[in-house]
Every structure is written in structure tokens, then in C-alpha cells.
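First chain A sits with chain B, and in the next complex the same chain sits with chain C.
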Partner chain A sequence: MTAARVGIGGPVGSGKTALIEVMLGHLARAGIQVAVITNDLVTDEDAERLRRGGRLPPERILAVQAGACPHTVIREDPTLNMAAADRLDRQFPGLELILIESGGDNLASTFSPDLVDYWLFVIDVAGGDDIPRKKGPGILQASLLVINKADLAPHVGVDFPAMMAEARAVRGGRAVLPAVCRRDEGIAEIVALLRREVLFR
Partner chain B sequence: MIAGAGQPAGTGAAPDMRLLRALHFADSAFPSGGFAFSWGLETLLAEGRADGRNLRGWIAAELRGRWHQFDRVALAGGFWHSGVALLAWDRIVDESIAAEGARLDSLRAGAALLASARAIGLAVDPAFAEASDDRADAGHFPVVQGHVLAIAGLDLPAALAVSATTAARGLSSAAVRLGRSGAISMQKDLLALMPLIADLAAAPPDRDTLPGSFAPLSDIALMRPAAGRLFVN
Partner chain C sequence: MTGTPDFPGHAPGREPLVLSCILGNAGEGVWQDQLHEMEHRGQVEYLSIPETEAARRRMRIFTDRGRDCAIALPREQQLEDGAVLHIAPGLAIIARVYGGRRLRLVPHSISDALRIGHWCGNLHWKVVFGDGWMEVVLDGPEERYRDRLRDLAPLAGVDIGAPE
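Right after this comes the complex of A and B.
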């Protein structure tokens, strides 16, 4: 039995690492055994940030450098990430969940079904309320769409309820959840969804 | 004029499984993690030590100085050996890589190819699999490549041809992604390199040959830190 693998993708700066940071607290309180793989271009920046956060033992956070192609390493050729996930499974018997964070990419980014069982796409209101209307594969195909930084909506001229409604409409009723990762708002609902649909507990 | 182009291809029998397997594993779409590595070329292009407009010469030098003397030998050992002997050979290859960065990248690439081989259902040598479970430092790319191509049913000449072809294409693809070579130019280079690839891949090494290489520019490039790169190395 291997751990469930959940991808987290989305544009640069949308809050993927912030989401993982705050999710780790919720998952720890639920007693769920977690590890994380980060994908940066050529640094370990995101992995180092998570290690500094101290919510997981450092050896449970692996950095996979993906070179110039963040989408290739999660879709066309996910083997570097598969090797890292296999290694975590071998090193930590009883592991239940591996979160795989993509490098920041564009709206066409999707995860290979060979790599993950479920994946989240994170966008934020500051990227513009037209993002859902653009209907990129990331927006449409993700198991769950998270719209982060909801608190910034009034400051960037975004009608947040309308943006949420539009996102739900283009996704044909598939899950869309709001979040403010910085304040730990909406994260309990995201974790509850993961527990129900992926971990079955 | 491309060598051999325009000549009748003949009406021989349908392609055999050896050819089809070689095409399969030489396909750039075969997932093996190779897209993330430039093996020093990015740095050398940036510094003008390699010329994107004359990449053919650079790749030929890498094929002669590195692939033929190191990868070909390491691959053949991976192809021939199994069990404990396979791990011992991998250790010899490990000790033959001077640059620590290149050593770690070779292990990363090897782990990716092993993951791919397992995922498609190839029977990876249990000794290799167990060693990889316990140690992060087993499974160098050319050794794994030799092992994987052997268990996939290729013969050694075909495995060597696959390896040399994918090495040349990996370098030229890196130059294309860096914007230093065109996709069409790349294909012209690869076609022109075919006779060299065929020549270098024709003969397996002797059984007692040890891996060694002479590719000082790329070796030094692999040892140097670089900021703002597009590739892992």
C-alpha cells in the first residue's frame, strides 16, 4: 500500500507553498502521515521554506529540480517526481499522503494521472477575475480549484462572489473552494475534502 | 545532401521486434527525466565556449570524449551484469565520476529511469531494487539504461545505438530549449551525426574496460555553480 499522491499546481505566486504550509498543520492535527515533494526550476527554495516552517521533519520534504519545464516534470515526463515519491514510500512505511507541489506555471498546467491520484489548482484573486473565464486546462480539469487571497478582492477590484460563481460554472459543478492561506481561512474545508475524497478517513 | 538519402530503401521483410524495441526506447517521449539536464551545455553556451550555430561539432566531441569512453562502457556493464555483480559495477561507475554534481545528477537520472521501468512493468533486477531502497547512491544513469534495455529485450548493439542517439538528441534538445539552436537545425545536426553514432556504437567495449572520459570543458562546467539556469545542470 503506497501513500496517496496529491498534486498542487497553479501560476507563480498564487499561494501553492503557502497552502501546503497551512495544510500541514491541519493534517498533523488529524494524525495523517504526510510528506512533501517540491518542484523548483533549479533551486530548493520552496523545500527550504517548508523545512524552515518546521511542520514536518526535514527528511520528509524532498526537492526535485525540474529545470525549465515545470509542466513537463508533472505531465509529459513525471519520472523524476515518481522516483522521489517512490523513495518517500520506501523510507517512511505508513505514509498516507504525499503532496507534490508543481513549480509555478500557466493555466495550461495539468498533472499526469501516472503521477497523482488527485490534484488541486490554485489561483488567486490578484491574478484577475477573468482567470476562470479563460478556461485553461488547469482550471477545468483539476480535481479541486482553490481561489486564494480572497481577502484581497476589494483591493484589486474583484467581485469575489461573481468570480466564484463563474469558476463553478466553467467547471461544470466540480469543486471550487475559496481560501486565505495567510490567515488559515478555508483550509479546513480543503483538508476535509481531501480526507473524504482521497484518504477516505 | 544527407548521407544515404535518395537511395532506395529496399523491399525487405517487415521490421523485426529488435528495431521496434529500439525505436520505442529511443523515442524522446519515453519518460526518463532526461529533459531536465543539459550536462554542462547551458553554461558553456552562455559563456561562448560552445557555439549554438555549430552544435554538431560540440556534440561529436561529447560523443567521442564522454559517451564512447564512459557511457558506452558503463552501459555495457549494466547490460551484462545482474544481482550483486550489477551493484558492484554500479559502484565502479560511481567511483569513476570526478565531479560530485555530475555524480548526483547521474543518480537522479538513473532513479527516474528505474521508476519509469518499474511503472511500465519491466522486471528490474531485485538486487538493484533492494539496493535502491536502502541507499540513495545506487543506480547511475548509464548502468540503469543498460540494465533496462537488456531486460526490455534489446541486444547490446541496439542498446548502444539507443544510448548514443538519445545522448546526442538530449544535448541538441537542450540547445533548442535554450533558444541557441533551431528545431530544424537540430534535426540536420542529428542526421549528420548518424554515421559517427553508428561508428561509435558499433563495437561493445572489452569486458575488462573501465569507464573513463576526456571531456574537460563539460566536466568543469558541471562542477561550477550557475545562477539563473534553465536546466538542472
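Right after this comes the complex of A and C.
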């Protein structure tokens, strides 16, 4: 069995890299073998940040430069990311999970099922509580919608429970989970869902 | 449908049955007699997978009898209707990929066809091509698709309807 491939998409600055950083701790404690692929526009910024974080050996973190709109390399032509994932599979026998972070994008961004088995869309409360109502394909189609930065809700005038309820309503029963990546809140539930849905352990 | 933690047929705490490759297709001659017989004995279970999800290599899903399954296919295999995922004495598991709902678009001219193709491509819709038509595979309410097509009406002549 090759490693499960899980995409993480969402608008610029919503907390995708922060989510990966904090998930890596949970996954390591569960003994799950992980690698990460980051996608940035024209730099390796997020990969460098994850390497500095030291939660994974640096060679388990690959960077793909999209060069253009980030969704082009996760949906229209995901071959660069697929090649990177194949390389990780070959290089690390026993690898169980490859997390693929998309560059920050808009609400229409989605992952090709040729690339990933499951994908998360991360939004944050500071983007406004009307975001779920705007029903972009990312919001509607992701396997799991994560609403991050719940800690900021009082500061940006967002009624967090109402935002969660609205997100659940527009997604017609697909999973929605809250998170505060900065304080490691809600992450255990996200990891538990991933383990159930794609890692099977 | 893919699984959720509170699916009624799920027996919590039990391991799912892992389905790690496609063994063949139920439509192939070699399988037919065996499967037919097993079907009679009530030993065949089905997994219903919407076309929009069929490209996934991994998923947690329940059979029509509530058996908890975990599909984890090699990257070079892909789910198709009739894929045999498990066969053992007393139990066969077969994937049913259902076509989901579609909208058929029939352009009036070649120029209209070019417009429509470009339009649907920009919307990243999953489509299936036929002779003189194109069908959009719906992933969500039909109204959502018709809303987008309304903006196209002044630009291209197209008949929109259900597939035949």
C-alpha cells in the first residue's frame, strides 16, 4: 500500500501551514509515518518553515513551486505534485501519509482526485462569517472543512457557533470542524477523522 | 455513500475490511458463473460510489449490508463500475459506480460548441463527451449548474436537458 495523500487548501493565511505543524505532533505520537509537500508561488517559504520547525526530518519535506495560480498544480495539471509524492513513496518505504499544502488561493480552489484521496479546506474566522454562505467549490466540495482561528472570533465580531452551523448547513452533512491551530485546539479531532477515513488505523 | 463516524451500520471498535486492489470486473466471463452462484446464496455485497468520487484511491465506505470497508488501491488502479474488490469463500464485494445526475448540453453550431467548452472548462466541471453533445456530471444541486449556464445564454446557442 502506498501512502495516503491528503490535500490541504484554503485562502491565503488561513492557517494551512500552522495546521500541518500542529498535526505533525499528533501524528508522531500515534507513530504514523508522514511526509509533506508544500506548494508556494515562486519560493520554498513554507517548506523552509516546516524544516525549521524540526518536527520532521528535512528530507521528508518537499517543495513544489506552482509558478502561477496555485490551483493549476493541484487540479488542472497535478503532475508536479504527483511526481513529488511518488518520489516520497519510493524514498521512504513504510510511509503512511503525505500531506500536500496548496498555495493560498481563493474559494474556488479544489484538489484533483487524481492527486489526493481526501482534502481539507481551511478557512479562518477573520476572513468573515459570511465565507461559508458564499459557497465556493472549496467550501462545498472539500472532504473536511476546517474553520480555524476560533480564538479571534470575539475580536472580529464573529458569532462562532452561528458560523459553524451555517457551514454545516451549506455542506449538506459533510464534515466541518473548528480549530485553533495556535493553541492545538480541535486538532485531535481532525487527526482522528483522517485516521478513520483514509489511514484506517 | 462514504462513511461517517455515526453511520448506523458501523460497528464501533471493529477493524474495517481492507480492500487493497481491484481483482477484475464482474462483467468479465471468468467471474460470471462464480458471482452468479454467490449472488444466489446471498454472498455478494455492493459498494455504491458516486461517479464524482470514483477517482479516489482511498475511502472508508459501507457495503449495502452495512459492512465497514476501507478501500486503499494502488495508484495505477482506478474504481470502475463492476470492479471486484474482494472474493473469498462466502463473500464477494463489488463496486457500483453510479453515474449520478447529468445535464446534457447540445450546441447549435461549432462556434457555440467552442464557447460552451471554454465556459465549462473555466468552471472546472466534470464532463463526458458524446457525438454532438457534452454531459456535465452534477456534484450538487442542478440549480447551481443552471445558474451558471444562464450567463452563457446570450453568448452561445445551446439546448440544455436531461441525458437521453
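Remarks
Here is the rule we go by: the second predicted complex is superposed on the first by the 201 of 201 C-alpha atoms of A that agree within 3 Å, B and C clash if a C-alpha of one lies under 4 Å from a C-alpha of the other, contacts with A are read in each partner's own complex, and residues count from 1 in each chain.
In this section, a contact is a pair of C-beta atoms (placed from the backbone, for glycine too) under 8 Å apart; a residue touches a chain by one contact, two chains touch by 3 or more.
A quick note: this is a predicted structure, and the numbers were derived from the prediction, not measured.
For the composite obtained by overlaying on chain A, chain B and chain C can both be accommodated side by side without a clash. By the touch criterion defined above, A:Asp114 reaches both chain B and chain C. Once chain A of one complex is fitted onto chain A of the other, the partner contacts of A:Arg87 are limited to chain B, with no touch recorded for chain C. Legend: residue contacts after superposition of the two complexes on their common chain; A:Thr72 is shown touching chain B, with no touch to chain C.
Of the two partner chains placed by the overlay, neither chain B nor chain C lies in contact with A:Asp130. Looking at the shared chain after the overlay, A:Met1 reaches chain C, while chain B stays out of its contact range.
In the superposition on chain A, contact of A:Glu59 is made with neither chain B nor chain C. When the two complexes are overlaid on their common chain A, residue A:Leu140 makes contact with chain C while staying clear of chain B. Looking at the shared chain after the overlay, A:Glu197 reaches chain C, while chain B stays out of its contact range. Superposition on chain A leaves chain B and chain C with their closest Cα atoms 6 Å from each other. Chain A residues 76, 86, 114 lie at the interface with chain B in one structure and with chain C in the other. Residue ranges on chain C touching chain A, taken from their complex, read 2-5, 16, 18, 20, 53, 55-60, 70, 72, 74-75, 124, 139-140.
Of all residues in chain A, those touching chain B in their complex are 41-42, 65-69, 72-73, 76-80, 82-83, 86-87, 90, 114. On the side of chain A, the complex with chain C involves touching residues 1-2, 4-5, 75-76, 86, 108, 110, 112-114, 117-118, 137, 140-141, 173, 175, 193, 196-198, 200. Across the complex, chain A is touched by residues 29, 31-38, 108, 111-116, 118-119, 133, 136, 177, 229-232 of chain B.
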